[in-house]
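What follows is a pair of complexes built around chain A, which joins chain B in one and chain C in the other.
Up next, the complex of A and B:
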């Protein structure tokens, strides 16, 4: 009986065929009174937000609501159920847009510490997994 | 020759030159050194200050003035007490029924002065003016200014500060503003202007501004709205070099009760094709109330709200809103009521 290769089914990968943005919702919280919200309020009332964020990501829901007497924050909700929030106190509108981009393009996976030695890849090795029964057999 | 240390001599000079700065903490009066000494000794002997009137508190006892000892003071006090008891007079133990002299030492206890009745002009909300109202006032201003100019009293009008309309409403109805082929205001045609009206107008202008005139025409609701034919003056160009333009703008400013900002006028007069319609539009935008918060600003600009993926909340998003969104709030509310628990907030636990 000849040796048969292991059957494998193509796994779905985001971006192969279709790409689904992982961030499903982004909340903009601001305060009308506090000075730390000056940049956020400026961003919300300017044309920057519709031009650079909301029209660019039509698949994501954007919510704007006040959070009185609190620092302004961006809160992102992801498909995997995770949430990530960034405090944007005293930031300028352009800086807040950078933070919003960071959250929007994020996968939503919990942050991990990447160590230098280990190579992390989702792709299998080209040579395959080593097996004692295959290849390089020695006849003694 | 004895030499005193420098520091000591300076201290002496300072102590001699500076007066006593002791101020009573209750009535804020400056005390003399003698009063100060007595006040400090009275406090130290009793441990706490007794309840006395200001006059009693700051009175310098005769014994202190004569320089007698503390022992003599005690004996005299005992003798006074015996005398009072003999007379059948008992001292007050509470403050009930005693006359209150002065105030409690706080600013809020002080009687009101003239300055307290002052009402600031800053921040008082003026009534908003619509585009039609501004057009009506501008029409009135032009008609009045040109009428006075024809009568030779334009300078009197420009110098005055009458805030109410000078002409009767029937004169405005029949008045027509003539526009030249160069699109400038040529004059005003008055079919009903007679000698009596002229005299009345002159009297009104020469009379001093009465107290009722402090209320501007803008605050008065009765204004004459010009007909569409009469509104043709809006297409006339503003001529900044014409002295009549200044008179019209000043009169217009008095009628509406607001100053026309210089930057707005400069912007308008820089372009020669700008008309009075531009003035009214720019002024209407300038006088519109400013949005107080972000929501009002967003309501004015619908660009963001019109997008399908954007949701703007007029207030804070509460946990109840989150439950309502997923349709869970009805069940939560029902179950809480069933258990006799408060739907919102907490109940006090009775011990």
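Up next, the complex of A and C:
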């Protein structure tokens, strides 16, 4: 047998063909009694939520549930299995929407410092790798 | 190619979905109606029928009825946020109704009734996936050896790849199937994952003889030598033996692994897109979700005797026999020498490789030469399925090489 073949799996490149929003579910938790939920309750009862959040992100499942005697939070579930939560106590509706968008547009990966690391590519270098054995050889 | 009339065809595949055995005749008629719905590519009649029904439907189905159903009722899919989100996340065409998407998530081990599970969709989707992938691979790399074609097929649309795609689409499995489950979950009877044999090297496209179902009678199992060329005839698209009919019936009663169920789901989605939105939409869906994936073809090769292969290849193609020559070297007498060797056929350099011994460098050079031959890709290539469109250009036959050398 001349050539054998190695089984592997092609890796995804999100956004090259289809783009899949990584936030699959976002929970709004509120409390009916506590004052820290005032902004959250105002948001949930107003038309701001469908206008500015839910219709803009149809790829995410939204859930609203009460969490009595606790601060209001936003909790996002991502495709990679991670969850991220933000406490939105004492925030105004506009600020809560900002926080919701932060979670919705997030990739779900743990935050990392970038700090000028090298760019890593899956493609081969177009220019090739410099070799000390090719060209410019000097005879001593 | 004559266009198939999709609506008519899909109508016969997706016949009206009723489940009379669950609703005795004495029970109220509206319950029967609410389990009756045609998800065949929604003709206007059906839409009107459904909208007529909706006011008379009950607000909810009682729990005892729900728990007796093997898979969620059709009405549940219209109110499921999970399902709507999945539809939007995959940017599925709007002509694909949400009820059908719910059906693609029901495996045949969850619901044995073929009108309610995804088996018919997945058969169609599997054929489409194999067709699109194979034409893409063969047109882009017309000289690939057959074993590598099988490996590339496996990498793009093998069960493992499809299970990964299911995960990346954000589809989650239900703990157990049932009528009360949210239809946005993947529903199947679960088996533990298959044990993976311990291997030292990478997993290869197998070449050994195996117990294979006889091509004439699937119930007879015989030992057959599986050469690479006879697998194009007898085996499936990944060069694996086709599973016999007996095996499948046992699987159905016990359950399936997560991998198999998710592979069937992805295939079913493709099949459903094809039936409801047509050829162009399914091809676009395929391009977006499958062809956009990254696969390094050069990493699929594994050579045993590259220098021998290369000399055979040169003999077959009528080139002068390959000769390895040192191009440059450093530190021959040191602890870490580097040799750069080129393989030449006459004056043409076929390949080049560097290694810490002359033999290693020569082998690498031969591998590079073989890969550059096998991985030839024409600059201007076209897929046969592109000519199916209405205003497509005339098909120009393309070169497909005779394949790898036989050593």
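For this structure, a couple of remarks:
As a convention for this text, the second predicted complex is superposed on the first by the 105 of 140 C-alpha atoms of A that agree within 3 Å, B and C clash if a C-alpha of one lies under 4 Å from a C-alpha of the other, contacts with A are read in each partner's own complex, and residues count from 1 in each chain.
Going forward, contacts are C-beta pairs under 8 Å (C-beta built on N, C-alpha and C of every residue); 3 or more make two chains touch, one makes a residue touch a chain.
Fair warning: this is a prediction, and the values are worked out from it, not measured in the lab.
Touch criterion not met for A:140: it reaches neither chain B nor chain C.
Contacts of A:79 after superposition on the shared chain: chain C is touched, whereas chain B is not.
Of the two partner chains placed around the shared chain by superposition, chain B is the only one that A:41 touches, whereas chain C remains out of contact. After overlaying the two complexes on the shared chain, residue contacts for A:68 are found with chain B alone; chain C is out of touch.
Residue contacts after overlaying the shared chain place A:3 against chain C, while chain B stays out of touching range.
Of the two partner chains, neither chain B nor chain C is touched by A:129. In the superposed pair of complexes, A:49 makes contact with chain B only, with no contact to chain C. In the superposition on chain A, A:18 makes contact with chain C only, not with chain B. In the superposition on chain A, A:120 makes contact with neither chain B nor chain C. Contacts of chain A with chain B, set against its contacts with chain C after fitting on chain A, overlap at residues 58-63. Remark: chain B residues 293-295, 297-298, 301, 303-304, 307-313, 315-317 touch chain A in the complex. Taken together, the chain A residues at the contact with chain B in this complex read 27, 30, 32, 41, 44-45, 47, 49-50, 54-55, 57-68.
For chain A in complex with chain C, the residues that touch the partner chain are 1-14, 16-18, 20-21, 24-25, 58-63, 79, 122, 131-134, 137.
Residues 81-82, 84-85, 88-91, 145, 147-148, 150-152, 154-156, 158, 160-161, 164-165, 167-170, 184, 202-205, 207, 228, 287-296, 299-305, 309, 312, 327-330, 338, 340, 354, 370, 374, 404-407 of chain C touch chain A in their complex.
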